[in-house]
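Structures for review follow.
The same subunit A turns up in both complexes below, where it pairs with subunit B and then with subunit C.
Let's turn to the complex of A and B:
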């Protein structure tokens, strides 16, 4: 275990809201193996490890049930055709994956084609019902406030209740974007900030908006920061 | 007896009978954020012969016990409540993981009980393993400082709800176990009043309530309750004993293990 304080219930509860992983076209299987091994050895019990579908066997092999596996669909572009994204979803359902997110067709979002957003969401959620927790990705940085609200409305009308604000991967989620969705849809949609979340202060801001899932590549640093705030001893640092 | 004071050495572990231990552990982890107490156990890879698993979220520990009894149902230990800063957000987070609302109590989601405390309580009942009731609740007079202290929306123990036939009789029983009354309320309903009494010991709270339906015999306890027993770890006792509460609830009192790692002071009702 990297730090003895990873076993502290306060750290465990805090860690239980984080997604962390290795995503992106330039990432290799070696990257996945390295990060998954580091996570497993750290003993840090996060919500889910994120990886791409092709990396699933490697992640599963290393993590062996240690945490949930989250695999995004249509990541990060969203602009592959619906049939291809549904093929990915079918594959992941067959793999009994634990958690996923679905990049909506961004052209529909940018064109204010909310009927198409709703229909795409409905198709996905009908396949996932009672099986796979699914977040719809809206890439909010590309949208203005009105579009973010309309996108969430279409998602809810399409039968989903989770929105991932961005893919990360260079796209960040702002407090203002999360606050906007929270103001309009409190209790109707579960908000997942993702991207550019690097410190405890940012996490605290999102918690004020009822957030319970956060995607961050800086999870170890954020947890170290929280442990320091709690006054937990950092002297047991060892090799991961 | 150990050197911890009562607040530190006292905790209540709630035993939950389940028909599928692995699936129940997974549900507790995935939907409610609980973790196996034994660090080497992960809920997705439990040993096949495991018959008991303790799971913790902050200061609330559940003891999941495998049972082959197919008639598990609601008993006098009616529910366990977790403290939520934002109940509505906590609910949608669980629903998004295909969790379910309790259809008997919260079919429409979160609601308020204005009679409780100074400003009321917002609450919801979710279905845990085998339909065991898990409540999320928030005292509205509380400010949001807890979320910034614990850095979670859904926290740990808030209270344990005991559905009793006679609140006064149960109050006397729990007072004998060193619980102190912290609140008495009366909720009027068309079918009759629901008296409610909250008692606290250390960081742990029990809610005694009596519904007209139970008093009139319209509902009865299941023979084997889902929430099956309260395990009181008590630093003030030196030997284990089992008590039976006024409505048949099982209370196991055991000395607090001296090497227990964590005692949380994260607040409750």
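Let's turn to the complex of A and C:
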């Protein structure tokens, strides 16, 4: 669906912080084509479209040059072995993918094994060599406050500067978790909230905490809310 | 009737917890269960315990659990890394989406998996597959010499319900005894409900809550293993 207010520069600027996509074991090429085409036709200038590696060619056909393509590594649980994750990373580097996230081994996070978290991060960042923007996923919902802070320290020490708080997939990011990271690491690490972000009020809270990238499956609804706040979809509403 | 010989233990939480995994390993071994399924990253610590305590149980990681949407090369990297560690069959999460698309990725997966020596199992998402394609899936699994197929990853966050008795019954007809059908049991399912799955055609069940099922079985007269 395309609304006339999508062309408004304020809407485009707002949309440019969002990731949106199609992920899941049963998702087909048809699902990806449907959503990618809808996005392309909308003209919305989102940050990136997220998809599985197997769907990358279809997504690239439709969205290449329009928005970044993001493929996660070790999604969603981080529980696959390092050999498989590094194969996935090598593959994505070969594909010149625009953006990715790396699900850390969550058992290391839960066991407070920060040296292992740092080492895994270091391995990934050394392979990336600045060729691929990479966020490290810590699944913050599983962690207490001290663990979240220690996880971010380990990531920074491992050479990364982006943390994705959750993968989604049943986990959500709270304002408190984002505030915590912001207070401790202001300016040293980009915070990427993900999961159960459904409305403009949540987005506003994250923006107050310095967030510039948000993952949400509800991007169209949130943009509609934002347009309403600007008074756009009352006076100018209409599908094009 | 459900008996413990039809139960496959698993610990596939997306929130890994070494203590809980090892607790379940000992519970499964003490119950006489033959197979224990775990996440890839838990294999080494579980196998260390199996060897240290000389436990009689076969342990397998589910390769690419729970999504499985990666090229064969990524899955093979895990099989090569973990194969020398595990003592149970190779278990692979199926590329369901590409299979539904009829993509070469899925065909390659069957071809390459059939070359892996030993007993091979597949986990799929039967609920995502239309009934009219059950025969096709069953034929391809049989052609790839798959020993067992697990019908669901059991992850609630995937948004897919596990297959119901009607779906299991229909798929069992397609399989026609050529491979073992394993139903994955959601939380808090009772033995009575498990029996319905088995009556529908499941040859075995697998669950992270296998201990509760075993306790229920042991509490019922005449159904004790």
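For the reader, a short list of remarks on this structure follows.
Going forward, the second predicted complex is superposed on the first by the 231 of 240 C-alpha atoms of A that agree within 3 Å, B and C clash if a C-alpha of one lies under 4 Å from a C-alpha of the other, contacts with A are read in each partner's own complex, and residues count from 1 in each chain.
Everything that follows uses one rule, which is that contacts are C-beta pairs under 8 Å (C-beta built on N, C-alpha and C of every residue); 3 or more make two chains touch, one makes a residue touch a chain.
Model, not experiment: these values are computed from the prediction.
Contacts of A:37 after superposition: neither subunit B nor subunit C is touched.
In the superposed pair of complexes, A:199 makes contact with neither subunit B nor subunit C. Of the two partner chains, subunit C is the only one touched by A:169; subunit B is not.
By the document's definition of touching, neither partner reaches A:233: not subunit B, not subunit C.
In the superposition on chain A, contact of A:28 is made with subunit C only, not with subunit B.
Judged by the touch definition given at the top, the superposed model places A:161 against subunit B, while subunit C stays out of reach.
Across the interface of their complex, subunit A is touched by residues 14-18, 39-43, 61, 63-71, 73-75, 77-78, 80-82, 93, 95-98, 100-101, 103, 105, 125, 127-128, 153, 155-160 of subunit C. Residues 23-31, 52-55, 75-84, 86-88, 91, 105-107, 110-111, 139, 142, 169-171 of subunit A are the ones touching subunit C in the complex. Subunit B meets subunit A in the complex at residues 30, 33, 35, 39, 42-45, 56-59, 85-86, 88-93, 95-98, 109-110, 144, 147-148, 150-156, 261-262, 264, 266. The part of subunit A that touches subunit B in the complex is made up of residues 1, 7-10, 12-14, 16-17, 43, 45, 64-68, 98, 129-131, 133, 135, 161-162, 182, 186-190, 200, 203-204, 207-213, 226.
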